[in-house]
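In the two complexes that follow, chain A is the common piece, with chain B as its partner first and chain C second.
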Partner chain A sequence: MSVLTLTRRGPLANTLVRHLAFAVLGGVVLFFLTSTVSAYRDFQIANVGYYVVAVAGLTVLTGLNGQISLGHGALMMVGAYTAALLLERDNPLPLVVVLLLSVAVTAAVGALVGAAAARLRGPYLAGATLAFAVGLPGLTSHYADTFGGDNGLNVLTGPPPERLGLDFPPERWQAWITLTAALITLVLLANLASSRVGRSFRAVRDDEVSAELAGIHVARTQVLAFIISAACAGLAGGLTAVVSGQVSPGAFSVALSLSILAGAVLGGLGSLTGAVYGAIALVLMPSISSSASDRFTLSTDVQHNLPLLVYGALLIVVMLAAPQGLQGGVRRLFGLLRGRAPVTSVRNESVTEVSVTDPER
Partner chain B sequence: MTSRSSKTRLQLVAVGAVLTLGAAACGGSSGGGGSGSKASAPGVTATTVTIGSHQPLTGPAAPGYSEIAPAAEAMFKYINDGGGIHGRTIQYKYKDDGYNPANTVDVVKQLVLQDKVFAIFNGLGTPTHSKVTDYLNQSRVPDLFVASGARLWDDPKKHPYTFGWQPDYLIEGKILGKYIKENFAGKKVGYLYQNDDFGKDGVAGLDSQLDASTVVDKQPYETSQLAQPTGIAAQLSTLKAKGAEIVVSFSIPAATAVALLTNLKIGFKPQMVVSNVGSDSTTLTGLLGKFSKGAVGAQLLNGLVSDSYLPLTSDTADPWITLFKKIHDKYIPSLPFDGNVEYGMSAAYTFAQALDAAGDNPTRQSLIDAVEKGGFKGPGVVPFRFSKDSHAGYTGVRIVQLDGKGVATFKSDASVTTDETSGSIDPAPGGAQGKPGDDAFLKP
Partner chain C sequence: MARFLSVTLGGLSGGFVYAAVALSLVLIWRATRVLNFAQGAMAMFTAYLAYRVIEHGASYWVALVVALVAGLVMGAVVERVLVRPVENGPPLNAVVVTLGVFIIVEGLAGMFFGGTPHRYPTHFSNVNYTFGDVSALAPFDIWVIVAVAVVAVLLGALFRYTDVGLRMRAAAFEGEVARMLGVRVGRMLTLGWALAAVIGALAAVLVSPNVPLSPTSMDAVFVFGFTGAVIGGLDSPVGALIGGVGIGLLLNYVAAYAGGDLQTLAALAVLVLVLMVKPNGLFSTTVSRRV
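Take a look at the complex of A and B:
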């Protein structure tokens, strides 16, 4: 592991204070951003918000702890259906409580999956989580009376609070909800990554035997990473239910699991900043490629498949040009600008990324 | 050390820059519309009216239904080429949702917020459209002539901007149920239905007419099952085991075709009775051929009972069929001329009538008022129910039967029924059908 010793002075030396300062700054920027853009952009930003939560959760699992999951779409589904069923009742609980319960329920499911996952490695782990993603949506048809089958459930979230004014766009309100959740998640995950727990995650990822020799309980650490990651997926799922106003199995197909992973890889595995890029790409790419296919009159078959094609092509280009994802590319660019040799090893790359905010290193 | 912290700052700046670029991009794209003197509402300019729709161009409901929007667009083009409505052409933007409710929400928000359409027209599907009615009504966007017969669309108090168009599945279920009771007296009936409001409304209509003792079983299916190797064999095997002699199916075309092929495979030969939306013979023949790799086709449709509220596409003497065929041959010759094309053109025609009635400078409210005023006459053989108190469309159907070549014939006169489950079923009043040319904008 490449270790650079550095120290920091002043109030920003405290990790939590520094992360909170960034979050507040980001919140202010986003407040002005959401207040100036059109309702449709706010809707897209709301979508970015929950994707950030999901991708950040996965990037911690895969990038920091070295476990792959192709089942995060299904975990989002757990969170989304939890929120939908809770909001369906006559006197629904406050949204914050509903979302926290989504997190709790999904974390519990994540503990079960994680316990199994901790015994599996590489392709077996990928296969097991993939089976979870394939199988879970089928449950909705089995218990159609509760989950509404393929038809799904409507989610009533109500209009924005009245004190914001009657004409306040609901899309902006939803963007605020998901962005707040995203900022909180990012602060928590950034702190986690630079904490003792985060270091034990990386230790287990890099070498399980030496981690064990250092006194780290490997299986327990892996299950913990899975639970934290699942909790993020659950929150993201609850937020999708709120933004989309519905839950249905079609929204949580295997394609969702794969695109969350693609988002994490695209942004740069293990990097929380990369998770933000990845989430933006996940939202923008389909709409860019679909408007491109609208412009040129194409046959329906071509038009329908073009977004996927563009998506795949972009993934390949990014992987070729910036093997460490967009964030890796950005970092290398700044390195070049300052005349510094780029860091090349993938593993070191993700470590240094996290250690940016780690003063103890 | 300082390079580290400045790098962090730089990264932050980069994120900010990306977000700002996103904002700038949006500033450029919103715009459009608005400058003409007669731009009276969102989506309305001096020369155009832009409307949108969500349609299953791919996915389980695509076979057959994917022709509906191109057919509607062909009707609009024909009207546009004849001068449009009050000097405006109708621009129809329809987007694929794959019959997946999650996509429906996305494309409808895109149409309303980004494309700024005047109205949503003919959004297709019960599971799909039911996820956007609340949104459209909150946003006060007219939601006209939903392409589904669920009763969800007829709720003027809760959804003042939403209107149905085709007869609802309850009406259909009642009339089919009455026909079964009168023509297949004493036979055991089994239901197959899509597990959502489409199927459940149909079941409610059937139940109101059929003696509960003659109904042996009710089997729901999920659309996702159609793509699986086992399909809906479990449902039909159960109906067979329960001794059903008649199977009434509230199903989309792909499900009807899978059911017919499954029956063939398990040696089950019930009298099939299929709801209008799942019984278009051209679509079914195509699907049967495709699913069986050419082994069977229209012969499986022999004797299938269904219903219709529009003229039969085979009735070349009907002036509407003549007109639709003309439009079809000019604008969409590559599509088959079938019930889906007829459906799309008929619904588009009703929309054109509503837009015409909404006045020289239509607003969203004047469009709603025009539909509530009602009185539209078109190809339908039964009257519309549109009024201030009812947002339901056609009020009845006629029974049809297919032969071994898939050709339909009428088996009864048209019946209409009141909306309530207990409402009576009466012969349709005469003169419900209009003539092409009644409206100045449509020259036959």
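Take a look at the complex of A and C:
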């Protein structure tokens, strides 16, 4: 792994510099993209932004560390309600601070869930996180005075800054907010993945006993992965609140958790680039569904549920087609579909290639 | 004290429903070492079919039979077509496949039946009997308890006294050896899933008068059943029954003394506690398999 990295020359040999360069390049492209498209497209791009954060977070947890979570929709809910409650005050804090607090609160909740999760494996972990996803929305009705019950809360976000011009479309401003967050998240996660911590994540995923023998504290590593993943979900939730202008328990259903999982699986678990594709698919699916419904004059019930069918079919097909397991196999499969030789993934993935694991161990 | 007794007895019928769900999960787990996350969703779908049948004028009993048959077919098809290829792979693959089934079935229910909750009709009275200060156990609750108890006894008899039951146990216990001795192992596993889905369908029909039917209405019931099954150790049918009834009682205390919205989180707390303290469940017979 390190041998291949050393063969690079010039400033791009430094991982951090390379990731930052990609981020700046992406930022410039996105700046021009968001400035040319319609307001609706900007709104969609804003949605892609927060989905990227959520899917990338789950990718780190499941793809890098081998833990499954069906509770990421609920973790997003924690972030979203934190942001909504903070923005509700008379003198709201700056948006950046609000989002950072969303991250902090959700990471704290993630630490709790993660501490329990580190002792659970496979189906048990999935069941426990599912219980979390099903149960958490109940809190909003139990403490309806604070959380607004089923109707939720309105999120008060200010207009775009005045120096951008008075007729600056708010959708574009929202797109900039979520895309900035997404790029920062991706750079941080990419660095993490290629750091010592990322390697210990992968080591724990591939073989817990070997990792332990190599001096890695397995439980601590798993909790850390869960905290990082939860922090991403919290940021995504905070951004959701800002973009949609309201938070309600119905928006953070089990279906959301499973959609994020589908997005991560679609992108090929373990790949942050894949997380971007997965997030784009998650945003495009509902609009494809609605245009299909218009063309074939299907009812709104069909239109709303069509994406669920696609996500479900996707999860099943990928699992049937990648029998080696979630790790590596999925990624290789999609690498082949994109017409890439597996060689390109060796740099980050030499460990993944030998990852036929038994998570039940 | 009277209130406590009422609450305790009131938790029984819910507990027996969760016991049925737990039993169905254990049945599948024993046969194929897969935890079927679609169990609740599949059951919900069969209850919807039954609801439609009632809407068209059929009786409660005809609708019940429709739900059970639909469960039988669904369970068999899902196992044979979707789960069979991943049964011997990494456990996470099977989990993800059943999640795929879960989300597809919920999507289909939303498509065909819409999102509005429907209260499933029943011709049993929902008025509680009163004994002094204690008021609990309506005729409907008695029907729920009797139905689940009868199914549990029938299932026990099937496994203990019949030829098919013996084959199913052999197939689940040691597939390769059973195959050598002439048991059609694949068929037995399909049958196990089908029977489990029948029990799930029964649970959905029994719970839907109290938990109005909607595409997601069985999510929480599934979580409670799963918790009951884990308390029992996932391996033990008797443990599943006791765990299911136990979680039903506990949740009714939570609903009565803390608030109904906290039930699922309470179940989560119990789940995590049991898995941390006694990962094999309170009634499990195997010790080699760690969580």
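Going forward, the second predicted complex is superposed on the first by the 292 of 361 C-alpha atoms of A that agree within 3 Å, B and C clash if a C-alpha of one lies under 4 Å from a C-alpha of the other, contacts with A are read in each partner's own complex, and residues count from 1 in each chain.
Just so we're on the same page, a residue touches a chain if its C-beta (ideal position, glycine included) is under 8 Å from a C-beta of that chain, and two chains touch if they have at least 3 such contacts.
The shown structure was predicted, so the numbers you read here are calculated from the model rather than taken from an experiment.
Participant: Taking the superposition on A as described, I'd like to know which of chain B and chain C A:Pro123 touches: first, second, both or neither.
Facilitator: Second partner only, chain C.
Participant: May I ask you to decide whether A:Thr273 touches chain B, chain C, both, or neither, giving the answer as first, second, both or neither?
Facilitator: In the superposition, A:Thr273 contacts chain B only.
Participant: Go through the superposed model and pick first if A:Ser141 touches only chain B, second if only chain C, both, or neither.
Facilitator: both
Participant: Is A:Tyr40 touching anything from chain B or chain C once the two structures are fitted on A? First, second, both or neither.
Facilitator: first
Participant: Look at A:Leu156 in the shared chain and tell me whether it touches chain B only, chain C only, both, or neither; answer first, second, both or neither.
Facilitator: First partner only, chain B.
Participant: Determine, under the contact definition given at the top, whether A:Val302 touches first (chain B), second (chain C), both, or neither.
Facilitator: After superposition on chain A, A:Val302 lies in contact with chain C alone.
Participant: Thinking of the overlay built on chain A, is A:Gly27 touched by chain B (first), by chain C (second), by both, or by neither?
Facilitator: Neither partner.
Participant: Quick check on the superposed pair: does A:Pro92 touch chain B, chain C, both, or neither? Answer first, second, both or neither.
Facilitator: In the superposition, A:Pro92 touches no partner, neither chain B nor chain C.
Participant: After overlaying the two complexes on chain A, where does the chain B footprint on chain A coincide with the chain C footprint?
Facilitator: 138, 141, 304, 356-357
Participant: Can you name the residues of chain B that touch chain A in the complex?
Facilitator: 1, 3-5, 7-8, 10-12, 14-16, 18-20, 22-23, 26-27, 29-30, 57-58, 66, 96, 98, 100-103, 105-106, 109-110, 113-114, 126-127, 130-132, 134-135, 138, 195-197, 220, 222-225
Participant: Residues of chain A touching chain B in their complex?
Facilitator: 4, 6-8, 12, 22, 25-26, 29-30, 33, 36-41, 43, 137-138, 141, 144, 148-152, 154, 156, 159, 170-171, 244-246, 248-251, 273, 276-277, 280, 284, 287, 300, 303-304, 327, 330-331, 334, 338, 340, 356-357
Participant: Given the complex with chain C, which residues does chain A contribute to the contact?
Facilitator: Per the stated touch rule, the residues are 66, 68, 70, 116, 119-124, 126-128, 130-132, 134-136, 138-139, 141-142, 253-255, 258, 261-262, 265, 301-302, 304-309, 311-316, 318-320, 322-326, 356-360.
Participant: In the complex formed with chain A, which residues of chain C make contact?
Facilitator: Contact set of chain C toward chain A: 34-35, 37, 82, 85-86, 89-97, 99-108, 110-112, 114-115, 216, 219-220, 223, 226-227, 230, 259, 261-265, 267-268, 271-272, 275-276, 279, 289, 291.
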